[in-house]
Amino acid sequence: MVLSPEEAARAIRGGEVIGPLEVSGRLDLTNLEAECLPAGLHCYELDASGSQLSSLPSDIRIDGRLVLNDCAALRWLPNALRAGSISLRNCPVLVQLPENLDTWFLDLTGCHQFENWPKRGRIQHGSLILRNCSSLRFLPTWLGRLAHLDLAGCVQLQEIPEGITVSSWVDIGGSRISGLPPSLQGTPLRWRGVRVNERIAFHPEELSAKEALAEKNAEVRRVMIERMGYLRFAQEADAKVLDRDVDGGGERQLLSINLREDEPLVGLYCTCPSTQRHYFLRVPPTMKTCHQAAAWMAGYEDASLYRPKIET
Amino acid sequence: MMNGALSRWESSARLGLIGNPENRRIRDFQNAFEQLGFQRPACLAYEELLRNPEALSFFDVELLRIDSPGENEKVAAALIALGGGPSQVEMDFGEIGFLKEYYRGFCAVLDVIEKSCIPCLNAPRDIKVMFDKWACHQRFLQSGIERPPTELAPADFPSLLERMRESGSGRLFLKPLHGSSASGVCALRWTPRHQQLIAPLRIDTKGGQPILVNSLEVRTYTTMADIELILNLLLPQGLISEQWIPKLTLPGGALDLRVLVIAGEARHWVVRQSRHPMTNLHLGNQRGNPNALCELIGSENLQATFRLAERAAMCFPASLYAGVDVLIDSRHWPLVGEINAFGDLLPRLLDRGESAYAAIAKACQKRERKQNCML
Amino acid sequence: MRMLHCTAPKSKPEQSQTEMKRELVYMDAKSSKFWSIELAGNSHTVKFGRIGTGGQTATKTFADETAARKDMEKLIREKLGKGYVDAAASDSAARKSELGAEEQIPFIAFSSINRREEISENIGTFIGKRVVDYDPEKPAKADVVYRFRSDWDENEVIPNLKHFMATPAAADANALVLGAWHGDDPEMTSAEVIEVLVKEKDRVPRLVAIFVGDIVSEENEISWIKQSDLSPLLAAFPKLQLLRSRGGDGLELKAPNHANLRALAIETGGLDVSVIRSVCTSDFPNLEYLELWLGTEEYGANHSAADLQPIFSGRLFPKLRYLGLRNCQRADEIAAVAVNSPLINRIEIFDLSLGVLTDEGARALLKLPSSPTLKKLNLHYNYITPDLIRELKALPLTVDASRPSDMDIDDEWRFVAVGE
């Protein structure tokens, strides 16, 4: 039975589907309350974002886009699932992908529990976005050449397997990747969306505060400071001391460092009384005193209300 | 360039200029006249005339050419003060402001020139009207000159906005009553969902307040906030609102014509082309190909265009020459855009083998002879 | 880091050591010209002019044959650099289609706007013929293409179109251009005019090419043009070979099917994803030329590279020779996907011009696989720095990376060529 997208959506939402359905165009099933779809569904594009679907029927056929963002119950996708592009953003209980998955564009942004790749599959030509997949510990070796590979926020990912190639960029911001395999040598890098070079990405210990301050691009500069660490940056930079006082750990200073064409970087430089480690904790540039900064960090807008016995 | 066909003055009439002597146009005019074999015209500076209105009685000339007072900050400030504006106005370079006061001040200077009774190539009373677009439009209408439909623009933005909403969609040119060379001219068009203001100006700040500054780059503003800000600053200075009729387009862009009419005859002319609504040549535009235009609209329509320019100039019978801007719509019919009392004299352009300066000089002579004969 | 998939660069297609004669043609929105050169001993003879005329001839003699050949090759390189192509490859010879005695439109006549400046002018030629505004008071001629438009304060587009349809010239007309239809009503869409054209379809039995929307910026901004569903044109004209349109607001292709359509071109300042979907679910088995202006988000582009996947997969248009994804804000992203796609190995020309293509996209393009069919890369109007342009020009295909002279690529702000 061939239906228009509107008719098909109405039928499915109403639970009135009998027999295989062919839908021309984009089937809109966003926020669908049903837990499953009818069998024999064939459409160009399916968008069931925000729905209660926990799986898809094994005989589903999608020619173009499959969009299942924000599906709180989605756990299981059928083997040999194939579509031009698949978007599964923020599916909190999705842990694995099916065998022989076949797609060009795959977006798993925010799938915090995802960690299991199929043994075989085809993801190639387009973009593989795995932003903030915090459970992900490795990438499969069978990935074809991609356009973009986004691994920002994959905090457990330590390496990219040899053999993977990319025609544009790889984003490794916030991951634990410390170098690129030979097949990716020379590929442009990004750090959470900001274009960076290999030095900034993999050798932050070589960066100096002087270099960071000289960087014209504010975004790149922010990444450089983050990579070298605020503490080292504050120690090396020519900081202005706005205020000094003493707390349980010893002397603390409110420091301000001027940045080009940006608000100054202000932070509290202090020592932890138990570990003797130094910290440089960033605070808003409106802070004028150490006390005020500490109050702000503790959550007090009005510093006069902040009277701690011990500051940790 | 010595033109052997011209002889020296038969009478003793000495030509003098009133203008800003540092201005290139004054020097070009003086050089051209000298090269044609005439006495180099002296120039009385506006600055001096404003300081001392009696200066004219010491200006030893028998004929006057009044040039533009523009492009001089001191003169502008003096005119504004004379016209009732602040006595020591401080404007940023290129800032658009105090247009009404400037005009009033300039009219006062024209009055002084008229009172001196020295004959002028272009009469002060004509220049006053040419420098007031609304008065000019009415004069044109009285003589049946074809013009785009024109009204006085409302004096504030909310009134204009209401008109815009009422009509649903439209397209207008908003032009300062007393401006020149595209300064402050805005092309505005809108539909229920979009709006667009195109103008050679940019928004700056001075003392924490927004101001408008002339720009050589024509910009397009598409947000209501920007458009409101710009028109809030311009509308109170007095604008006319002229129907924006789509101009004829050739390869190279939309076009119009600048025709120099001398002694009632259309002479030197250029095609000005632009890819945006402002065709003034100093805005990165170019001269178009006159042959291509003639081929497109035909010589009959081209002649009709020249006749229209002549009729427009004849609305100012006390003026020897004027630069008339004529636009041609897509039906190939001409309409008068503007008339310029000063009008750049189209350098590097010959008509009948002579430059614009030579043509004017000849016309001066003829006029002299006619007047002498009548005595 | 270059060209992971490229083998040793091939010699550029146009260098041949033994040719004595070369025939080239050039077609765009303004002109259709031929240019040929023939070597005879120590002289060469150049013939050039408007296609359809005898043109002019000029012979030049040199000291010897080597000098003559060198000069000939230099002239050929110049012409190829300007966009001329081989006459033989361009199908400029007439071929009959299955439907009857209808001439095939030459492949190179499908493209229209090459340079950014041309958007502010009406087209001067369409499918190689001169375009002229229709004037009901003049006799309708057979060898021109008429444009029907309304002036700003009138509504004569439909009366003019009906008037033309009643003349004998309509029976021979093989192309039509619909210009500004909105006259004094900016809310008017193309639907009314299309309806008239469809109703009178029997009066134009030889129509093979239509341009809906030859509207210049002085008349209306591209994103303000109100379009409609173009499918009725597809249904009414089974012999249609080329359909070009301008304006994305309200544009639809509800029934994107046509057995004979060879070229589809959609110019917008922002293309809605529904149109891309229509193209991706279309049935155009004979499509050789597909040109889509993707535009910017600000003016309605709500699609991503993933929406183009079906086109890039190559499964849709088996005869496709030209793919243009032009005026695109996300040109870099598109370039990165294109170089990986199966389609790039099958087409002859890939056009990413008029968009915001930067060094990022240029680096991706350097990874183009060596394809025996891909001959030309059009990157006119780009933001690529000189070093990378040099590297691109070293690729074994013709690369047009020219820019308008007033373009400042160091400017912080990057715009598509045709916004608004």
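Every chain is named by a letter (A, B and C) in the order it is written, and numbering of its residues begins at 1.
Here, contacts are C-beta pairs under 8 Å (C-beta built on N, C-alpha and C of every residue); 3 or more make two chains touch, one makes a residue touch a chain.
What you see is a predicted model, and the numbers here were worked out from it, not measured in a lab.
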Centre-most chain, if every chain is reduced to its averaged C-alpha atoms: C
Chain whose average C-alpha position is farthest from chain A's own: B
Chain centre separation in whole Å, for chain C relative to chain B (CA means): 42
Approximate Å spacing (C-alpha centroids) for the pair chain A, chain C: 40
Mean-CA-position distance for chain B and chain A (Å): 60
Residues of chain A defined as touching chain C within the complex: 24-26, 44-45, 63-65, 84-85, 87, 104-105, 124-127, 144-148, 165, 167-169, 185-188, 195
Touching residues on chain C, where the partner in the complex is chain A: 1, 4, 274, 277, 280-281, 305-307, 309-310, 312-313, 332-333, 335-337, 339-341, 360-361, 363-364, 367
Chain C contact footprint on chain B (complex, rising order): 168-169, 171, 191-192, 194, 196, 220, 222, 245-247, 249-254, 275-277, 284, 329-331
Complex interface listing, chain C residues touching chain B: 30, 117, 120-122, 124, 133, 149, 151-153, 180, 186-187, 216-219, 221, 223-224, 406, 420
